[in-house]
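There are two complexes below, and they share chain A, which is joined by chain B in the first and by chain C in the second.
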Partner chain A sequence: MSNSKLYKGSLSTIILKLLADEGKMYGYEITQKVKQLTQDELQIKEGALYPALHKLEADGLLDIEVKKVDNRLRKYYKLTEKGTQESIGKLAELERYLSTMQALLLPKTKLSS
Partner chain B sequence: MPLNLEQIQFIDRYLKNSGVLYDDVRAEYVDHIASSLEAEKESGSFDFYNHFKNYMIKHKTDLLKRYEKSETRAFWFILSQLIKNAVNLKVIFVSAVVYAFSYFGIHYTIKQYLILPILLLALFSVFWMVWGRKNIGKKTLYQYKLMMLIFAFDYFSLQFFNPNTSNWNLYLLGFYIWFNVSGLYLYYEQTQRMKFIESVS
Partner chain C sequence: MKKLSAAHIEQLYAFTRAHFVDYYDVQTELVDHLANGIEAQWTANPDLDFEQALDIEFKKFGVFGFLEVVEEREKQMSKRYWKLIRNEVYQFCKIPKVWVSMALFLFIFTMLFRLPYGFYGVATFLALEFFLYVFLLGKRSRQLKKNQSAKQPLLLEVIINRSGQIGSFSYIWFYQFLIVDAQVFSNLYVALATSLIISLVSLLHYIVLVVIPKQKNKILREVYPEMV
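For the complex of A and B:
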């Protein structure tokens, strides 16, 4: 993942948000979607993505579905009910964080808006 | 255009030889690498071996480092699931039934309760050896960690059976049965969950 320290803590939230929007996705698709949405600014490496997905799965936030596609197995991830709730909470938490950071770093912008 | 079966098998074998042993994790890595190579294939001239080599030069170290971390995490996950399962009503019920049978069946003949755990361990070892031999490279990460954990527990707990203290053996036997039933139940759950995993090689 580029700019790793700043983005690392948000990886789970990014995954949960994408799955909330898209329904179900597989690993490579997630990396490409992030790349596309951030216009190549953020690139998630598979070495960081899969452990994060496995952790969310182990925590009961994600469910899996496996299909045979083009001579290989493809594992799709989707949110469980608990995962849906968690994604709402995590997004709210991230929004609060962003607004706090904005207030700290760009106080003038906030006052003028 | 998708990669052909031979190319997929090549990636699979390469990862296996690099130490990515578990089918479930490896299948996911294979799909990721294959998808990435297919995207490159669509964008211009493509030589599979050359592109694959370049991909691995760029990503192999990070990928294997994270894989090792996944292994450690899997161990703690399985341990926590094992403890969680131990308070499952089904597990408690089956354990109680097995314990009752052991108690009434063995108490009046072999008071030291040594025969059952030894027998269970022997059966378990045989199962492990037969299963392990048949399934080398065809197992999932969680199942493997679970088997290792139960085997280690059984082997360790046997050291504490004492022929001279039957009460202590009684408690230990109860715990032994409880842990093993919980482990077998978890193994069953994992098998059900992972039954779709099949080797592409």
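For the complex of A and C:
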């Protein structure tokens, strides 16, 4: 994964969120979608994406579907029921993290009466 | 849009093999990824050479190439394999198979604790088990090599054929068994503990050598429905 170490811990959440929105996706598509959504700000490295996908699959959060496209086989990933639940939990966790960081970094200034 | 030909796809499979990806399932995913990347490059620059485009795509995997992908996949598939073993062990703790487990335990315990030369009987049993293990493992390894020339194996298939490589550590205690004095088994607790360990390890060997390989095709069809 690119640019910042801050993104690394969020890779699974990003994958789960994308699959929750898109239904099913293949590896290359995920990298391109992230690039497009973040306007090239975030680029997922292939060497990090596939290990993360395989881990999520082994944990029972993703299901696979292989289809023949053009003259090759393509492996699609989609959320299992457990994966759907996990994506909701992970997103809530990330939102809590963001609001905590925001409170720390951008504290609201109190107006003196 | 310029597309990759079947010959290009074969070249990509060969490329992944040359970069230490030995399993067909992992190769297939990487081939599709590289192919998508190359086609995307051709959209922007149709005159780009196939090899050049491949080189650019491969570099995106970082300095370790496909290594991280393969290692993580092996780790996850091994976990899946152990889950299969765990399910089978569970079956041997439930009726009806629990009777087999108990009979094995009682057989070993009686030999060790009750019969005067039972120790030698158990040692023979273990030696036979060991030779059977080596024989079956060798046979499957030869089979795998033979098939490999026709078709690349799937990762889980390799793990099943190698019995998860659990043999080496499960036999460490066996040598210790051979060097101890047979008299130690006159102690009830030593005999009980040894019988329990031998029964468990023997059951484990039976599961990885006989039970799981028998179900191999069914397991592979479940894990790789479109590839088997």
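Criterion: the second predicted complex is superposed on the first by the 106 of 113 C-alpha atoms of A that agree within 3 Å, B and C clash if a C-alpha of one lies under 4 Å from a C-alpha of the other, contacts with A are read in each partner's own complex, and residues count from 1 in each chain.
Rule of thumb we're sticking to: contacts are C-beta pairs under 8 Å (C-beta built on N, C-alpha and C of every residue); 3 or more make two chains touch, one makes a residue touch a chain.
Worth saying up front: this structure is predicted, and the values here are computed from it rather than measured.
With both complexes brought onto chain A, simultaneous placement of chain B and chain C is prevented by a clash. In the overlay built on the shared chain, the residue A:A58 is in contact with chain B and with chain C.
Legend: residue contacts after superposition of the two complexes on their common chain; A:K45 is shown touching both chain B and chain C.
When the two complexes are superposed on chain A, the residues of chain A that touch both chain B and chain C are 26-29, 32, 45-48, 50-51, 54-55, 58, 66, 69-75. The touching residues of chain B, counted against chain A in their complex, run 2-5, 8, 25, 27-32, 34-36, 38-39, 59, 62-63, 65-66, 69-70, 73-74, 77, 196-198, 200. Against chain B, in their complex, chain A makes its touches with residues 26-29, 31-32, 45-48, 50-51, 54-55, 58, 66, 69-75. Within the complex, the chain A residues that touch chain C are 26-29, 32, 45-48, 50-51, 54-55, 57-58, 66-75. By the touch criterion given at the top, residues 3-6, 9, 28-33, 35-37, 40, 60-62, 64, 68-69, 71-73, 76-77, 79-80, 224-227 of chain C touch chain A in their complex.
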